[in-house]
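Please read through the structure below; I'll follow up with questions.
Letters A, B, C, D, E and F mark the chains as written, and numbering starts fresh at 1 in each.
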Amino acid sequence: MAILEVQNLTKNFGGLTALNDVSFKVGEGQIHGLIGPNGAGKSTMFKNIAGFYTPTRGDILFEGKSIKGQTPSRISMSGIVRTFQETTLFHEMTVFENVLVGTHNRSRTNIFSAIIGLDRLIQQQARTSAMKVLEFMGLGDRKHQLASELPLGSQRALAIAIALVSEPKLMLMDEPFAGMNPEETRGMMQLTRKVRESGVTIVLVEHDMKAVMGLCDQLTVLNFGTLLAGGSPEQVRNNPDVINAYLGGSHHV
Amino acid sequence: MKLSVQDLEVNYNNVAALKQISLEVSDGAFVTLIGSNGAGKSTTLRTISGLVKPSGGRICLDDQRIDMLSADKILRLGIAHVPEGRRIFKDLSVAENLYLGAYIHQDKAQIDLDLDKVYSRFPRLEERKGQHARTLSGGEQQMLSIGRSLMSRPRILLLDEPSLGLAPIIVQEIGHILREINQQGVTVILVEQNADLALQLADYGYVLETGRIAMQDKAELLADNEHVKKAYLGI
Amino acid sequence: MSTHTQRPARRKFLKKAAAGTVAATTASVFPNIVLSANKTLTVGMNIPMTGDYAPWGLPGLYGCEIIANNINKEGGVNIGGETYDIKVASYDHGYDTEKALQGFKKLVLEDDASMVMMLGGSTVAAVLPWATRKKVLTTTLLPSDITPDSDYLVATCESHPLYNVTGVEWLAKNFPDVKSAAIVTNNDAEYGLQSAATYQAAFEVAGIEVVDTHLHGFDVTDFAPIVSSVLAKNPDVFCMATSFYVTPIMEQLYHQGYKGKIISCTLDYYDEIIAKTSKEFVNGTIFQFPDFDDPKLQESGVNFPDPAGFDAAFRKDHPNDWSAVAWEYPAILLNWLDAAKAAGSADSESVATTLKANKQEFIFGGGDWWGSQLWGLDNALVGRWPIVVIEDGKARIQEYGDVAGWLSSNKDVLVKHMKELGLRTV
Amino acid sequence: MSGIVIRNAVALSILLIALAILPHYLKYHHQDFLIFLVVNVLVVVSYRLVTLTGEWSLIHAVMMGVGAYASALLSKHLGLSFWISFPLAGVTAAIVAALLCFPLFRMTQFYFLIGSFAAGEAIRLSWIHFIKPFGGTSGISAIPSPELLDIDFLEPIPYFYLVLIIVTICLFLLFRIEKSRIGLTLHAVHWKAPLAESIGVNTWNYRSLAFITGSFFVGLAGALKVHYIGTVTPKQFDIGFMVFILIWVIVGGYRTFYGAILGAVVLSVLDEMFREFDELRPAIYGAILIFSILYLPAGLESLPQRLKGVFSRKSGQMEQT
Amino acid sequence: MKSLTIIRNEHRSLGAVLFCLKHLVSEINQGKHPDFRVFHGLLMYIDRFLDRYHHPKESNYLFPAVLESNPELAPVIEELGRQHREGEQLFIRVLKALSAFEYCGPSQFSEFQQAVTDYTTFEYEHAHKEETEVLPVAEKSLSIETWEKIDTAFLNHQDPLFGDKPSGEFNKLYKEIVSIVPAPLGLGDAWES
Amino acid sequence: MILPSFFADSFYETILALELFLQSIVNGTIQSGFFALAAVGLVLIFGVMGVVNFAHGELVMVGAYTVWFLHAQHSTPFLITIVIAILVVTVIGILMEKFLFRPMRDDPLGGLICSIGVLFILQVLATLVGGDGPSKQVPPPFEGTMVLFEFLRIPYQRLFSIAVSVAALGLLWHFLTHTKLGWALRAVSQDREAASLQGINSNRISMIAIAVGAAMAGLAGALMAPLTNINPHMGHNVIITAFIVTIVGGVGSLSGAVIASVLYALFHTFVTTYFNGTVATISGLLIMVLVLIVRPTGIMGHRVSE
């Protein structure tokens, strides 16, 4: 069953068509890769799904309901969270506080109960779930460190933890392997699988082909804003269009 | 004009971005730095051109240390940097952008000759010289960015991801132009994620991984290297 | 903390660095070189000395310092058998209500001021509850500050804007052809609107139709549009119910070719106005504040000692700072001293009683307590007020008008116009 | 953990007791000064709440005026007691702030700064323009004092205790807000708005929440101030006062709760000390601003840390706390 | 071994132009008005490029050498040679369809689109076959001397784009294509939509 | 031109209304010159240095004070005092850049506070030079009034001011669009880093930007001096107007600032003439908020693209 369905999505910026009539589906519980050369429109696609852009045409369905044109926060409340290309964290906060901000969605509180202290129970729950996620991501012993002091791999893990603590159904990951050495990449791949096993569907944009091929169940290939191909890594690897436009043969055409 | 970089180190908010990078670029060479996103390629270029101050190591041009100089001084020594994302002056006209490239020069006649040269290399720019640069397409902006740098008469040209976001035929055209520039005696240091293109063009390549130089060799040999093929060429 | 000996020294220090240093040093080492063994009687001045209201505070302080110096030089003042030197204590409230309250308490409780002089407006309103309860005699330049229970607040000098009626009266008498008038003023409730209402009433009584009342804010940098707009109504009389912007308005009138009569509350620095326009243009302008070397001021009936001498002394020390408040605060001070002498005590209660009980001598002569019909209490002293006209580039008093007389027959008209402009009446 | 809590509680109690005793040892007019200072502390701390989300507004002084005018009008013309008009002052300011959210939060950064200034100036000019009911430039005077038992709130010391109690409660509430997850989220909105949005934080809502809450408290501060002075005028809340709020917060340091308080207290006390210098006073004040921002860019709050740094460098053997 | 790189580069250049061709056709499909100059330019480039530079290199030098050392590849090479001719037929179909489209109007567009799709798919597959089935074998099996021979021959017969001695005519042609192909693919003005 | 007939019935009144209308256009045009000179400097400084110069109004004030001090007090020829005023203000600007804004480069709030500090100091300096008395006046060096068509009056002093401000703006325009330094200045304001890659020393350019901006402010003050009340606080109104104009025009857009100056001056003049000055200011502020709501980047501003 498709948890996310992109239908004939088109996005224009002025005269430029960044995405052109792209459709694909993401099955529940899968790791779905979004690949393509630079400028292919992957990031634009991401921002459309996450609500940072409003599509010019077409529709985006999440669990069968349209989320087109909703605000990022609204979309995230319905269960889609994204991580960012650069290691975007609240650098000035501790690891624990970072994750605590992430609990926003699950346990909402209002200003009056925050003042009077009525939300103690909710606060406690938020802290507990934050701690659980930190342990899950292997950051438990670093919780009092400032986010900016973490090594790169842990920063990425923290970024995922922030996303994970809001208990999303779908996680959009933007280049989670960028700048990682092979060892870090391997660790990150394991974490990603672990997240999926906890029941979260993942869509990721990535350049690292090895990681993509090893990790993803399904791939969608974009080139110049158009859908080039889709399917399992094996199918994509053998699709002549992809081969010629991106992978094998005259690669990088 | 030999550029040598020794044990260069750069830190961004406590995270080491470059660790012990050493490069040797001889006069007239065409060198490329490849590597995945975030490996430190751009940082290396930005450090050489003086935009980022290193926390360790040294950069020398011939025998002169340049790592403490500001970007505008380094340009005067003949190192021009075509930054990532073109960074043209969008509210200035095309011609004004090009003239600004020759900011460090005073000889009007020679500047006009250079301008003609740039126009003949990029005819599209001449057609649009009066337009605001923001009206240019992505490819034209990249050409403007390169043309602007050429106006400073560089001996060494640093290019940061010139193919980013451009269509294949323009990428090929830019590659062609870079080759021409190099053949006219300008040293070129090219940073590319499109490793395939970069290795075709360059004589020598460095592979960066997480802020370190993981490999270095002649470009042809790197292109044939199994590791490079797997990791960066997608084969 | 500012005493009359310290302040001029500091100002010189600022202007002439080297020479002033010595003076300033001596002055601050020996802050009060008063040789007499007299007791000190302190009067307070809670006024703006910085900020944009400073011109309505500082010159008054300088004036009072001159008067106090003169009195002290002559051996002081005798009250109830004791001879006192006068000391002027000042506090800069920058026209800020909270600082005004703070400064008022400081002057009364720490500097032992027997009386506090203030400019008026919201700063007076802020100190009023406390002053009334503590029975501190307070003076204001704005009678409109008076409220039904402000027993200790008196306006003994400038009966702003009541005196304006005399100018209009004189105008109507001398130029019977005048049929219409237009008023321009700033839109503040303390100064501009009060004046506007008074002028409207005065014109109505004089049978002159007011064709336009143009209110403007304090952010005007160019009066061209305002003057154009008002002149389009073709008034016979152009009336400035303002003291803030007379010069630029006069300049615009000149440039826009205005030929009619001009009447204004004040015409401070009319020589500058002449410099900016022409003598012919300014000649004939009617206003209400005389030069202090005016021969008519030397006549009997005027209760200010040696006006010309005061004028000369002031201009010597403070050549750029003369304005109406320069003599208004001193007039209040003198008036209060008279009352204290009569009461035999500087105590607020007895001075206040004496002030109200006796028929007071107003600075320009005459003097009746008035105000209950408008503000609920007869705490404003109104008397004769001069009508001044520029003649051959010089301000000359034409005659003295009778404010009290006008008020007694026309106060209803005044109340009506005050109400129309939303001003407080009882 | 609890050790720190106890130590803080003890320090806080000592501070409060000291403050409670302080006016008895002050000159009379300094007691007034102290009242206004404590009110201004509430002003800066509520302002800091607004700035938590990273937006610097120039309307805070006017919002204070909204509260002040509301309380003055309610108590004078409707005859409501201070105890009713005072909370309503905060509510009125909050409502006005809520209405302003729509236009203002379409802008960010520099535009917000100037936009908020324009909106505030328009409100302030309306007080001048509409003499009924606002009284024009002279505003509203003879605002009744609070009434409670037989306490004379015209006297500074009783009023000081009233202000101290109310402000302490407000500060406690503001502290709670900042330390709650809402406060954490406000910080998050400031530092990385897109990241915050991606995890479901509606940044517009949070910016508005901070603005409305900050306005509520500053509205209370406005009422506190004018019920003591007895007069409310548009000039009390002009850009000049706003600039002082801005200065107090920035020079004090906007990163922590106490930095803003420190700025307000230190600068106000300095300003009072310079009364001696009359017309030179603003220049001295200006020079202090420049020096403090040049040499203490992180604000006065960083001073102890800096001193500590100097101190420990000089004597490395010092015990570490 | 330079020859291998040269072959791959030529594939890449061709791929860029083919991609462009396909993309422009898909844009017409969405209602944009075609600029026939661009199509003529692209087709002219493909024709001359394959005919004069690319196919001769393969058929005259590389394939014979490979065949010599790997006789078992004979069927593949034969197939590839046949494909060269088949490609030419498909290309001619594209040319005809373009003329029909240009002079007979939009009704002929679908035929043109089909022809382009068939041709580009064919060429992609062809290049893929060469790169996966012939080149790796060649890389492993040919002796150094053979490579040197091929290299010399190739260098005398340069790729118009990336050769050390760029051919003026092809440079000009390519530059022109780049500048007439509309943005964002090329530098030209966008077609009015 | 049809507009005035709304206000008048008879022919004579129509003539009167037309006269007022034309006079208002003249009045507005004169104002727009000052607004533009002040706003352009603010935009330049904000564009190149990212600092909101709160003391900009005080720079105008210093220009006016210089003319008052030298021309009115010490009878230096007016044209010379204009030059001196420009120099004095330029030097103040350069000092501000070197000692305040440059160290505060990455801290716009710090820059703002510094400029507020300068504002206080300049106001006090003006008080020390001119005393605390009422506003200072400068007699106009050019006397007489040009009368056009019997009813349109333009004093020569104002004519001179408008001519000089137009010339100065034209010169600035030429400088920015036709000289290398001008291009460099615009380049730095768009992308400081990319500019340094062209060999442009951004410190030097910042200095030039503030020098030019301050010179414009000094000129505005000098030209205003004979036409307005001069006092230490006159900068307040100037900065508010300059803010409005800058925002409406689009931050960082010089042409936007000039266009907005003209529009705002005409708007303010007409509302003042036909209604009331306070209404003009309130509605001006509301229009500014409206512009920001509809087009948050101002009329000539460009949206920052991704």
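Rule of thumb we're sticking to: contacts are C-beta pairs under 8 Å (C-beta built on N, C-alpha and C of every residue); 3 or more make two chains touch, one makes a residue touch a chain.
Only a predicted model underlies this, so the values are computations on that prediction, with no experimental measurement involved.
Listing every chain that touches chain B and chain E alike gives A.
Common neighbours of chain A and chain F (chains touching each): B, D.
Think of the whole protein's Cα atoms as having one middle point; the chain whose own Cα middle lies nearest to it is F. With centres defined by CA atoms alone, the chain at the far end from chain A is C. Comparing mean CA positions across the assembly, the chain most remote from chain F is E. Centre-to-centre separation of chain B and chain F, using mean CA positions: 43 Å.
The distance from the centre of chain C to the centre of chain F, with each centre set as the mean of the Cα atoms, comes to 35 Å. With centres set at the average Cα position, the gap from chain D to chain E is 72 Å.
One simple way to say how far apart two chains are is to compare their mean CA positions; for chain A and chain B this gives 32 Å.
In chain F, the residues touching two or more other chains are 127-128, 132, 236, 240, 278, 281.
Multi-chain contact residues of chain E, defined as those touching 2 or more other chains: 12, 15-16, 19, 183-185, 190.
Residues of chain D in contact with two or more other chains: 125, 128-129, 279-280, 282.
Partner chain A is touched in their complex by these residues of chain E: 8, 11-12, 14-16, 18-19, 23, 26, 30, 121, 124-125, 127-128, 131-132, 183-185, 190. Interface residues of chain D facing chain F in the complex, by the touch rule stated above, are 56, 103, 106-107, 110-111, 113-115, 117-119, 121-122, 125-126, 128-129, 239, 243, 246-247, 250-251, 279-280, 282-283, 285-290, 293-294, 297.
Those residues of chain C that touch chain F in the shared complex are 14-15, 49-52, 54-55, 58-59, 187, 214-217, 219-222, 224-226, 228-229, 232, 234, 245, 247-248, 251, 255-257, 268-269, 272-273, 275-276, 318, 320-323. Those residues of chain B lying in contact with chain A across their complex are 13-15, 36-40, 138, 161, 163-168, 171, 193-194, 196-197, 209-210, 230-231, 233-235.
By the touch criterion given at the top, residues 15-17, 20-21, 223-224, 226, 240-241, 243-245, 248-253 of chain A touch chain E in their complex.
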